[in-house]
Amino acid sequence: MTDLSPARLERPSAVSFLGYTLGLVIVFWCLAGAGFSIDKVMSSPPRFADFASRAFPPNMDPQVLARLGWKMVETLQIAVAGAVIGVILSVPIALVAARGLIAGPAVNQIVRTLLGFIRAVPEIAWALVFVVAVGLGPFAGMLAIVVDTIGFCGRFFADDMEGTDKGPAESLTATGARKIDVVACATIPAAMPAFISTGLFALEKAVRSSTILGLVGAGGIGIELKVGFDLFDYPTAMTVILMIAVVVIAIEQLSGWARIRIIGDQQ
Amino acid sequence: AENWKLAVTDVEGMERLQLEWGPFKSALEEATGDTFEFFPVNSRTAVAEALRGETVDFVVSGPAEYVVINKLTNATPLIGLGRPDYHCTIVVRADSGINLPTDLKGKKVAFGDIGSTSNMLCPMQVLADYGVDPVNDIEKTHTSRNIAFEALKNGDIDALGMNAGTFVGVRNGQSELPYGFFKMIARSGDLPNDMIMVGAHVPQDVAMKVRDAILGSKAQVIAGITAHEENDKYVGMDLVAIEDGAYDYVRSMYANAGYPQFDNFIGD
Amino acid sequence: MPTRAILSSTTSSVTDLDLIDPAARQARPVATGAHSALVSPVDIEAREVAKTFGDTAIFDGVSFRLARGEAVALVGANGAGKSTLLRCLMGLIPVSAGSVHLLGEETSAAQGTALRSLRAQVGLVSQKHNLVPRLSVLSNVVHGFLGKSPGLRHWSHMLAPDASRSAAMHALEKVGLADFATRRADRLSGGQSQRVAIARAIVSRPKVLFADEPCASLDPSAGEDVMELFFRLVKDEGVTVVFTSHNIEHALRFGDRILGLSNGKLQLDATAASLSPSDLRGLYD
Amino acid sequence: MTDLSPARLERPSAVSFLGYTLGLVIVFWCLAGAGFSIDKVMSSPPRFADFASRAFPPNMDPQVLARLGWKMVETLQIAVAGAVIGVILSVPIALVAARGLIAGPAVNQIVRTLLGFIRAVPEIAWALVFVVAVGLGPFAGMLAIVVDTIGFCGRFFADDMEGTDKGPAESLTATGARKIDVVACATIPAAMPAFISTGLFALEKAVRSSTILGLVGAGGIGIELKVGFDLFDYPTAMTVILMIAVVVIAIEQLSGWARIRIIGDQQ
Amino acid sequence: MPTRAILSSTTSSVTDLDLIDPAARQARPVATGAHSALVSPVDIEAREVAKTFGDTAIFDGVSFRLARGEAVALVGANGAGKSTLLRCLMGLIPVSAGSVHLLGEETSAAQGTALRSLRAQVGLVSQKHNLVPRLSVLSNVVHGFLGKSPGLRHWSHMLAPDASRSAAMHALEKVGLADFATRRADRLSGGQSQRVAIARAIVSRPKVLFADEPCASLDPSAGEDVMELFFRLVKDEGVTVVFTSHNIEHALRFGDRILGLSNGKLQLDATAASLSPSDLRGLYD
């Protein structure tokens, strides 16, 4: 009987065998290069406790809280504006970046490469570009967030759409629908939970990377954090981190709520 | 009355000014009769580009920043913000056996952000003054002040060059460390002043008017700058007229640190 | 209890079908009978069609001509290639060799707008139903209009023109699901989702209808009703219907003509009248 | 006939109507706060040209290239080590973070909140924490990347798994399989393309955020970039950006290749 | 041409089934006949079971007792609640009222390990097949062992013990798909994927088998073969089989007993022998 069964592993070709081996070797070489050491991790708790003791308790002075709260509102305002515009612009970009959706492989490749460039350019460089373009201030910060969001969401939206079940799309294609209609009616509904997850992450990312706002003179909570650290004022930095955490977790809740509504219980 | 745009960047030791500029701003507006729009900026590169693009008029910044911004945009100094005790130091652990800067040859030394006056350029200059070439004789690391400080405490690095005032403040906050855990093995002379500079596109006479107005109401403006500080370490600061020549020393620091492009003497 | 929904309107007069465009009824001459390829226009023609997936040949040398208004049953064992052939006929997957003509145009060569306008005249019921899970049943049916009038308005029943909405409701009524219009498509029973797929395929009144095992999940009575519905489309409107079925009785009763795929060839092409159930048994060995 | 059709819109409840309106108002308020201005964008080209002219051409001095190339290798080494460990650790974390998978809602909530905290803490703070814990050097940088990767991948892996088709999982549950087996056999294969997309993005992210490596004294290309900007040496910064872009695009290609293999053509 | 695969081994001797554990064959006393609930042990019992989805009641007051070794056909119109009832019986969705006993334990109350070990003795063929699309056919079948021996080794055919692999191949052979073992499960025809689902359900030799329209996508001959296979499991091994079907002929021929759901109630519970096809027709109106 046993001889009926197929081989456990298809015999890998020489090339792919080499590929796997090389991959493993590289990972271990990287681990070695990173100076991996369990000892070091083990010996850290006491030093760490000392450090933590200097950050606790967070600074809860009402005046400081009020100021930080206000900066957080500023930050949120710009982050929301930038993320919303970025997410909206990402949808058409993702449509042409996704393989097998509406554009051919050459276009996919070009758009994905451009998105890669956008991500490769660091925040500080985008900040400079927009300071040059529109001057210091919140608008430059917002534009930097828009670009950052496009680099992130454009790629993920495209990947999310590629991963959807092709069945409904095929059946709609059979009705004679245009590609764009098929995408709107079958692909996007299928990818919607992933879109929400990615889009709200982009908002969260915009809030967290509010240091970018500090770079362009738009105030925001990022500058408070930097100054807190630079002045060794860990309790205040801690307060800022806690505020950011509250926002991040609130966005996470919103995302969960929206996703559950869309995914449904599927029973 | 005109509306000026004023950016505050990298004013070491006066970081709070970036956060709590409200009183300073009102003092300025009262003194000049103009309105000022404030931009706290974390990147001197961004400020320089804004000045060059003429989207900002005045900048409050430190000496090293002035040197590079001046080079890039021809902005000129307007008023110096003279502060007491603005200097840097080289710190080691008291138990390290290092007593002289020359003992640091071949050792790990941490500095602050690249291009920071008191956390990088100045300590490097100090080493050079003691006969240690900061580029070739030591193993240098650039990191943030707190990381450098923690690393020194743990003995990951042998010495740390930083703003002396900041160091003293931090050390005083470390109540659990025995007294005398650290020692300074060298310190610099006082550094040139932080300043308010003006963009090249602002007409000279207008700039002078603003300067005179500020100098005329010195007391209020200083009070504005120091208004929110918990302690009085900045009390005693002064507003002074300055000239560019005072910064040649800083320019030479750049060359010494391995970045000759900002040094007048080499450039000429 | 919403359980039992009845295919009530299939018994009503055929004028129901003409709701949108009464003129359409006479637009297509009705075939005079089975195997009428020579007298009435040819709607579907396959010439030496072959399909391989990678190295696996599924079928080859498949040729046939189907006249307008014929009801054709495509039969064959599991894996014989029925679904694959239907997808080739619609140009959803490329043929490996040969050519396919649909309504006078070559689907296997058509592209872009030409291919789309061809497909817009053809309805397809997929074997897997392929509804869009998170949308409502009504929106799924409204999607059937996307070929004929593309664009935003047929993306959802909320945006659809009144005429499309009522036509969609009418199609749902025909398959007995009018009460389920607002239900999410992923909360249907197997048979219900199959019926929605049928409604989507017929809502835009196609000239040709491909149905891949349209009755597989239907209960006996609903299955008959659906086949009756197809029969009416053929007889009264001259629609050409090609359906696959594992129900030999259905195939012989509702098909004018039977095509049988077996061992990668079209082994059988005959009028239903000339065949008995036992003739088909051979296809399944 | 028409009266048969259901209403186009379910009448929204007063609460949700208020919610939608409020949402819109907030977005517009944010846009206003961000100082949106088309004028500013229009007037930028000349200034921008000046800026660009100072960045081009990139610094292609062979010596500089060699130095930067070496730093890039260092960076990649640590980024790969950190991302690989982070991705591996993220899988079990995501399993307990994903709703309706193996852990109850309370556990999901706690884990997601913790992941939110991890993300709320900025890189510089993680760098500080790990320098305190294990000392200055590449290992601290790697640990910071691990934590960063967990915050990112833990959340996305969980969301990806929540979004998969529940059918196969139900059928495996019916065999009496344990939850963990169901996840391994049905959920993870379904989420695999998304895992690859997210995991390789985490690697890309680790390379891009290599400034963190500079902060902990681990060298890396990040510090070169910072020096380039701080000293207005834009051509060199440009070279670094181009190098990062090459890496980002290479990772993108790898991701696309692996995803296409897994997704298949689905015909 | 891989098209036609034959259910060859269903005609071979029953000892095939005993490959793994020859002792198992006699482990379960065989029922002496239909409606033997009183003489042989009761394997499945539903007491006043009701199910509602949100506000929609699907059925209520459903009660029955099925004896070990009975073959039971569950019939009803589309949307009557057959699939829902099967899922309730397996504890995959909670019942809204009443209780379900399976193999002597209350599934509707069982949790954790108890529920799992109960399920491990039960096989299920879902209406939608529910294969894991990107894995191989053989891995999908090997998954059938996850209940009896959980853990890594049954995650994939590559890791599986030899005994499981050969049992899985054997099950595939029974459904005529031995040649497809390494094919990705999403590249199968409709009937092929249904057969894989059947193989997965029987591979671990369950005591109870629930099959939701197991022949819907199968060609007539394969459908018969699968029903024969079930019949053998019942007669030779005392497996209790509950299958739903829209094929009245199958239901009457292979079921000892017929349960009919209609209008939210169990309207019919009788021996197959006492019923004629026309008796069932009433369920579909």
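The first chain written gets the first letter, and so on, giving A, B, C, D and E; residue counts start at 1 in each chain.
Note that a contact is a pair of C-beta atoms (placed from the backbone, for glycine too) under 8 Å apart; a residue touches a chain by one contact, two chains touch by 3 or more.
Since we're looking at a predicted model, the values are computed, not measured.
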Those chains which touch chain C and also touch chain B: A, D
Chain pair, D-E or A-E, that carries the greater number of C-beta contacts: D-E
Per Cα centroids, the chain farthest from chain C: B
Between chain D and chain C, distance of the C-alpha-averaged centres to the nearest whole Å: 45
Whole-Å gap separating chain B and chain D, where each centre is the average of the chain's CA atoms: 35
CA centroid of chain C to CA centroid of chain E, Å: 31
Multi-chain contact sites of chain C, meaning residues that touch two or more partners: 53, 128, 187
Residues of chain D whose C-beta touches two or more other chains: 47, 50-51, 124, 128, 132, 135, 137, 226, 229, 266-267
Interface hub residues of chain B, defined as touching at least two other chains: 43, 45, 49, 53, 144, 146, 150, 154
Each pair of chains that touches, named by its two labels: A-B, A-C, A-D, A-E, B-D, C-D, C-E, D-E
Parts of chain E lying in touch with chain D, wherever the complex brings them together: 90, 92, 116-124, 126, 128, 130-135, 139, 143-148, 150-152, 154-156, 184, 186-187, 197, 200, 204
Touch list for chain A against partner chain E, complex: 1-2, 4-6, 8-10, 267
Chain A-facing residues of chain D, complex: 26-27, 29-31, 33-37, 40-41, 44, 47-48, 50-51, 74, 76-78, 80-82, 84-85, 99, 112-113, 116-117, 119-122, 124-125, 128-129, 132-135, 137-139, 141-142, 155-156, 159-160, 162-163, 165-166, 193-194, 197, 201, 204, 208, 211, 225-226, 229, 237, 241-242, 244-245, 247-249, 252, 255-256, 259-260, 263, 266
Chain A-touching residues of chain B, taken from the complex the two chains share: 5, 7, 15-16, 18-20, 39-43, 45-47, 49-50, 53, 55-56, 144-146, 149-150, 154, 166, 169-170, 173, 176
Residue ranges of chain A in contact with chain B within the complex: 47, 50-51, 54, 67, 124, 127-128, 131-132, 134-137, 211, 214-219, 222-224, 226-227, 229-232
